[in-house]
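Residue numbering begins at 1 within each chain, and the chains themselves are lettered A, B, C and D in the order written.
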Amino acid sequence: MSSASERLLARAAREITPGMVVNLGIGLPTKVVNHVEPDFEVCLHTENGMTGVGRTLPLEHANRNLIDAGGAYVSEVPGSAFFDSATSFAIVRSGRLDLTMLGAFEVAANGDLANWKIPGKFSPGVGGGVELAQKARRVVILTSQVDRAGNPKLKQECSLPLTARACVDRVVTDMAVIDVGPEGFELVELADGITQNEVAEATGAPLIVRQGTLPRF
Amino acid sequence: MRLSDKQCRMESAIAHIKDGDTVLVGGFGVPGTPMTLLQALVNHGAQNLTVIKNDANEPGMGVDHLLRNGQVSRLITTHLGLNSHAIALMNAGTIDVEFNAQGILAERIRAGGAGIGAVLSDIGIGTELAEGKQVVEVRGKAYLVETAIRANVALLHAELSDPFGNLAYAATARNFNPLMAMAADRVIAETEAVLPLGALAADRVHTPGVFVDHVVELEHLSEEYAVVER
Amino acid sequence: MSSASERLLARAAREITPGMVVNLGIGLPTKVVNHVEPDFEVCLHTENGMTGVGRTLPLEHANRNLIDAGGAYVSEVPGSAFFDSATSFAIVRSGRLDLTMLGAFEVAANGDLANWKIPGKFSPGVGGGVELAQKARRVVILTSQVDRAGNPKLKQECSLPLTARACVDRVVTDMAVIDVGPEGFELVELADGITQNEVAEATGAPLIVRQGTLPRF
Amino acid sequence: MRLSDKQCRMESAIAHIKDGDTVLVGGFGVPGTPMTLLQALVNHGAQNLTVIKNDANEPGMGVDHLLRNGQVSRLITTHLGLNSHAIALMNAGTIDVEFNAQGILAERIRAGGAGIGAVLSDIGIGTELAEGKQVVEVRGKAYLVETAIRANVALLHAELSDPFGNLAYAATARNFNPLMAMAADRVIAETEAVLPLGALAADRVHTPGVFVDHVVELEHLSEEYAVVER
């Protein structure tokens, strides 16, 4: 993994505050767990039916019945609980999930999220993403600032089918931390070695810059 | 990753309850009724409460203390057959009582806990239980809209817990407790024993601790928990 | 208990066939269990959250956490299960309850049942009765043929608030076994020492008599 | 009062499945997927099935055998990301695929199991997931009508059972199994061990045996149950 990705993950891990219940989506978000201190006070939830998710295990130590929603073999922590899929999403929909981190194809300036379907190219199904995006108390997106073709993923409006409307609170990228505020995207932190102008150029919508010296990560 | 310790003193947990709050109370008869939390709520004195419980216990027990202390303005329940005092209060108009079919009350609370707006059910259609309820037709069949119930607070009784609030109930003391655990903004569980984290096997948990805000270990069980001679 | 009541209970017990899942309502129906052989193949359900209900226990052997829906202390049988109230009524509403026996204030010739409310006199709440009456695969009513004032409880139409419409399959009384058929009440068995005419006079609606010699109980 | 013995041979349980049936299949990935029952259904050969499962397993595993054998005409699911073969069949129009939000699929199945007609939910409102769904307004808020799902048959995998069909699941192998157990006219559970009646504690049961029609003890676990190297 590149140092930019590691920096993104380390920054994303700081979104987790003590006592939170957190769901880390499939892909990049799952890797945030490697940047959380072993003794940090947090309860990880996985939508296939577990709270108190522990570290990912190598195959030789795996329990065939104990996976996360991405299919990785995970461990228990003291105090883990297992439950069925209805209970698992009751946790999400009833507001007991303090934070979810998800990936994105596109994020709009009003917080709309598209991350499950590219018509004609990619449509494996929506899984648990809609409920996580729509109902977690706080939604943080982890993504590269631009896609492989160099086009901004943060846009004025999404062009792809939406996962959920007006759900995103913050985006953490390889270049910056950007909040979704009442007036749109707001630059709140910069990655080391990145300038405000570089972020603005890589963002497909107006970028408000918070007053004062921006923190670096 | 370490799970939070939610143990606290009963009084500080109960202190969050405000006048006018809606309170879910676990239990079916004696089993699963949080007798000690109810006594603490009597001592606390919050007024004008809406209490949601399967039944009103028996005269001089459990929820009846709240009724006698004049703290309850509205009771959402299924059956008051064992509490003549509650029936008298209802008949006198002192408390407003709403009766639900028992399984529908369970579903309405569960719906609140599952973040669902309502369930559509045919229970009670053609009887006075259907009166005043919104009707929706789905695939040519009429259903009653049974709206979700959520409360400010839930008071639960568990046999075993851990400090994170994972709960296990004994026998028929389970009843409404796991449903109510999901359906309140603040969930307070009294528990007969708090085991160390990890001692309650993850497969044995009846209510995941993520639903629970406060865990109160009972120092002793009052007479009200005992076998009742009728 | 009178011998007539015992006879009613013994007859009612024969409604239970091997392998059934049965809920015995509060009051008289609960007592049917005393007329079921200890080794009989049946699963008793109680709506407060248990299958495999065993015999009622005297107070000195009672478990404070183990009651039936009527508040009696009961025992487990090998293979009992405990569950929450939502699951308990899922069993009822989804058609897994083969038989329920209930009491009645009134039964109508079309199978309507009134057993929960006498306006101005008795209204303790409906409890689990509506769902049992409406959703059990078979509903058998246990009742005296007439009320304390001597008036028939089987009537052309119910005058009291209904528990459920057209739900009753059979009525077992101290005098007879009466089915609710497409054309109304049908006399199918007689208690020992009771005549057809006596039953007809104690029934507030036309009584069809099944052909042939009626069985006695 | 003695509980029924529902143990039977796998083939005789599977023989009840007919062409055109709707079949609920437990599991989320490998855990909880009834691999052996699925193989028996392949051998049985029933055609034109509607299969309801969270996912389609991976190529060459579990439900994918049914797809390869041409037995599935319709798949109701949440995510096919691990099965490129299923996606290819969907894109080719060989199978009809209906995607549900995962928790909504769980609620729809649970509703079928609870004898509820539908649940009202705001999940997916304002997205293409809401297209074609009936909308109901309750207390001034719009909800989608998410209709109950019931099936002819459910195929489950449990870790432990007793002859009556009380089931307990291991870790995250629980997932959809307890919900599907409630929602089918005929429920067939394969189980890694059948304990004597009474050996599975009543407080430890995840699925009450009243929901289960057939219990099949597995003689051995095939490779498909093992840890997957990807």
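We adopt the following convention: contacts are C-beta pairs under 8 Å (C-beta built on N, C-alpha and C of every residue); 3 or more make two chains touch, one makes a residue touch a chain.
The structure displayed is predicted, hence computed values, not measured ones.
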Query = So which chains are sitting against chain A and chain B at once?
reply = D
Remark   = A student comparing C-D to A-D should find more C-beta pairs in contact for A-D
Ask   = Which chain maximises the distance between its CA centroid and that of chain D?
value = C
Inquiry  = Between chain C and chain D, what distance separates the C-alpha centroids? Give it in angstrom.
reply    = 35
Remark   = Taking each chain's mean CA coordinate, chain A and chain D are separated, in whole Å, by 29
Task = Could you tell me the distance, in whole angstrom, between the mean C-alpha positions of chain B and chain D?
result = 32
Key: Length of the line joining the C-alpha centres of chain A and chain C, rounded to whole Å   = 56
Query = Which positions in chain A touch two or more other chains at once?
reply = 50, 82-83, 86, 89-90, 92-93, 135
Remark   = Going by residue number, chain B touches two or more other chains at 107, 114-116, 122, 169-171, 202-203
Key: Pairwise touch network: line, ring, star, complete, or other   = other
Task = Check the chains against each other and report every pair that touches.
result = A-B, A-D, B-C, B-D, C-D
Query = Of all residues in chain D, which touch chain C in the complex?
reply = 1-4, 112-116, 162-164, 166, 182-183, 196-198, 200, 202-203, 205, 208-211
Remark   = In their shared complex, chain D is touched by residues of chain B numbered 107, 111, 114-122, 134, 136, 138-139, 141, 143, 145, 147, 168-171, 202-204
Query = Taking the complex as given, what residues does chain D use to touch chain A?
reply = 28-32, 54, 77-82, 87, 97, 99-107, 110, 122-129, 159, 169-179, 206, 225-230
Key: In the complex with chain D, residue positions of chain A that touch it   = 26, 46-50, 59, 62-69, 71, 73, 82-86, 88-90, 92-93, 123-128, 130-131, 134-135, 161-165
Ask   = If you look only at chain A, which of its residues touch chain B in the complex?
value = 18-19, 21, 33, 36, 38-45, 50-54, 76-83, 86-87, 89-96, 135
